[in-house]
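A, B and C label the chains in the order they appear, each numbered from 1.
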Amino acid sequence: MPKRIVYWLAGIAVAAGILTVMPLFHVKSLESTRQQAVAAAFDPVAVVDSLWAGELRESINDATPLPELLAALRADPAAAAARYGRRLGLSGTAAYWVSGQGVVTAADDKAVEIAVDGAGDTGIVIRLGPVFGNAIRDGSALLDVNDFASTRDFNALSVEINRRVERDVLPDLAAGASVDRVIRFTGGVEIAEGDGAAATLEIVPYVVAFP
Amino acid sequence: MNTRQMTVRDWLARSQSLIALLLMVIAMSLLSESFLTAENGLNILRQISVNLCLSIGMTLIILSGGIDLSVGAILALSGAVAAGVLKNGIAIPALDILLQFTVPGAIAAGILTGLLLGWFNGTVITRFRLPPFVATLGMFSIARGLTMLWTGGFPITGLGATFGFIGTGLFLGVPMPVWIGAGLVAVFVVLTRKTRFGRYLYAVGGNERAALLTGLRVNNVKVWVYTLGGGLAGVAGLLVTARLDSAQPNAGLGYELDSIAAVVIGGTSLSGGRGTIMGTVLGCLIIGVLNNGLFLLNVSPFWQQVIKGFVIIAAVAIDKANSKSDDA
Amino acid sequence: MNFNRFTRRVLVLCALAGLALGGCSGDDAGSGEAASDGPKRVAVVVSTLNNPWFVVLAETARDRAAELGYEATIFDSQNDPAKESAHYDNIIASGYSAILFNPTDADGSVANVRRAADAGIPVFCMDREINATDVAVSQIISDNYSGAVAVGRYFVEAVGETGKYVELLGLVGDNNTWNRSTGFHSVVDRYEGLEMVAQQSADFDRARALEVLEAVLQANPDIDAVFAGNDAMAMGAYQALVAAGKADTVKVFGFDGADDVVRLIAEGKIAATAMQFPKVMARTAAESADRYVNGERDFQQKMPVAVELVTPANVGKYGDFGRRQE
């Protein structure tokens, strides 16, 4: 019997020794781990913040003037899409980065309609209310899907960009738009294949000004 | 006289499997160039290592006259627990602490889960006198449900290279799962052949009533056997999780059938008392060679299932004939 | 006595082995291994063959690879990463030239692709992505999120800004389930008038969707619409509504672009679905593999394939898992 007790004690001592060198678990503070996890996760807000103030602002001058784009689309939609548009992977839709100047023809709480100089018959609409889609993300050609680990993160960027538009751009537009006022804008637009000669184009604005 | 007959029949059962295996190996190497290569051989050994762990445990259980339908479910839960505590730790909000498990801790947690569930099986079977089929069927459902609860239906991924080593690492050019399987085989061959516990096991399986009358603590043996089976299922769960670098909520589905097949093909009698660990190893090898060879020959995986079914039937038929001559 | 039986059994085993030999060599004489001579081999690993959409994906990939001169074999992972891993083991050991891969799990499958890449076998992902950008050669993935956003926007147009709806989710552990649900909700949740009265998983299965919706209708008889995470569930939901006599008052929205749903959209019975393009993805993957084998190395890591909204207005353009002219 005593031998057994000796074996047991020896076993416990060895186990204790191993456990101090190679512990089974560490005790950590719950709060600090949670904060660490939040900090390590993908943060679309940070990416969009730096983009909004930086590269997007700089690319205002790269925007294609709407009359030029529309003329090209009417002439040869496929070539126009290839030259001015940006497709995400294999898509039937291309996104464009455009600018235009014109006169407000109608404004209510749902949308603002604009007659853009040189746009001919095509009506230009900027919708007020929730913003969806990837017009600015893809049209600006500043974000590459390959730079992000998962498309979930890439899509989160669109959500954040749209949120910024709703928060920073649309209120000014809604406040300032009234019929016959001159308006200048730069923004993104998505045009599906075969819709090149559409009657209206919906613009998602990045910047809007009433000169 | 009786012991001599038993060893001769054991040898017969074992040689049948061995002969079948040799025939298959010869056939496959003639039909496919890539079969008899070192890389493919290691491939086969690696692929059978999970089934081997489960089958060793199943051999012990079947030797004792029982059966365990829950090993696949225990595999899944053990793997999930290990992955969960490694990746997320255990949070105790009341004390505002997080127990962040290390890799050895996660491994211990996984094996402990298996041992615990196996112990539960054994206790229910001995304490409440439930038939093993029914008790382990219940555990199957319980463990599957617990796995779903623990994982929330999602896989737990991203477990790190250290943990992954036991599933994907190489030691002296041989995959780690093969080493672990071989180590377990060695341990349990010694256990069944050289220890008192092994003799008790065969006695209980061969004739439980007689064993009870000679004063053997039959219930004790049975609880141990199911506990060990659960622990081995836990090891198997760790191997699967480490190999995939993720704990899948549906891991191990159908694995119990494969392990029973390996045990039976290896010559162990389903009524208990007859069989060896080495026989089970052969059974695993036969299934592994069969799967691998048929794959290399571009035979559809569905045909593989059909053929495996026939092999099981043939093996059990031979086993029945063996036990008939036992009574004669 | 024993030895006679023993000899008999050995003979039986020999006979079985002989049969196996005969049968196998009959089918596969010459085909199978020898990667040194004979056509190059391509493996198509698909997550499941239980769903016709994936069957189309796998078979198109196989057929295109065959057209390009490869011997292509389809491997079914049965939605199980362990089986997928075993397939990879076998593929790596057998000298395949490329893998066209439909992953079972965005995180779990990364290890498998890494092993293949380390063994020098290029992997091209189809339809689903893996959460790593440095192991696969190229990933041709379905942009489920944006497709679901489009469905969500049409949903608001068709149902209005107030109403009650039910959402049927797919397999809970599947990335696509959540991509679609999140995309849909990113639109619909902006309209407070639209209330989701129930959200249940029907496992992407038609029969389950029927049962689930029937049960939901018991508790919530006045709904205006159902959004199903895939077309099989949309069909099941539609059948439940027909049985309850509500097919005219409740609008059904699906996802995938399956034939039967497209037909019902043309007949005005189902409101909309989103067309994925399995054939485009499969063909692109096969062609990329071919270009890689012939030396090209410049591939886009991620190539999203847009998912297009199919409504009664444009349903004429679609059919047969793609645009009609295909």
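Going forward, contacts are C-beta pairs under 8 Å (C-beta built on N, C-alpha and C of every residue); 3 or more make two chains touch, one makes a residue touch a chain.
Given the structure is predicted, the values throughout are model-derived calculations rather than measurements.
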{"item": "Label of the chain whose CA centroid is most distant from the centroid of chain A", "value": "B"}
{"item": "B-C or A-C, whichever has more C-beta pairs in contact", "value": "B-C"}
{"item": "Length of the line joining the C-alpha centres of chain A and chain B, rounded to whole Å", "value": "51"}
{"item": "Intercentroid distance (Cα basis), chain C paired with chain B, Å", "value": "33"}
{"item": "Chain centre separation (chain A, chain C; CA means) in Å", "value": "27"}
{"item": "Shared interface positions of chain B, touching two or more other chains", "value": "none"}
{"item": "Touching residues (chain side chain A, partner chain B) in the complex", "value": "22-31, 33"}
{"item": "Residue ranges of chain B in contact with chain A within the complex", "value": "85, 89-93, 96-102, 104-105, 108-109"}
{"item": "In the complex with chain A, residue positions of chain C that touch it", "value": "106, 129, 131-133, 140-141, 143, 145-146, 149, 152-153, 175, 179, 182-183, 186-187, 190-191, 277, 280, 284, 300-306, 308"}
{"item": "Of chain C, residues touching chain B in the complex", "value": "1-2, 5-6, 9-10, 12-14, 16-17, 20-21, 24-25, 27-28, 31-34, 73, 75-76, 79-82, 85-86, 89-90, 93-95, 105, 107-108, 110-111, 115, 172-173"}
{"item": "In the complex with chain C, residue positions of chain A that touch it", "value": "88-93, 130, 132-134, 145-146, 148-152, 155, 158-159"}
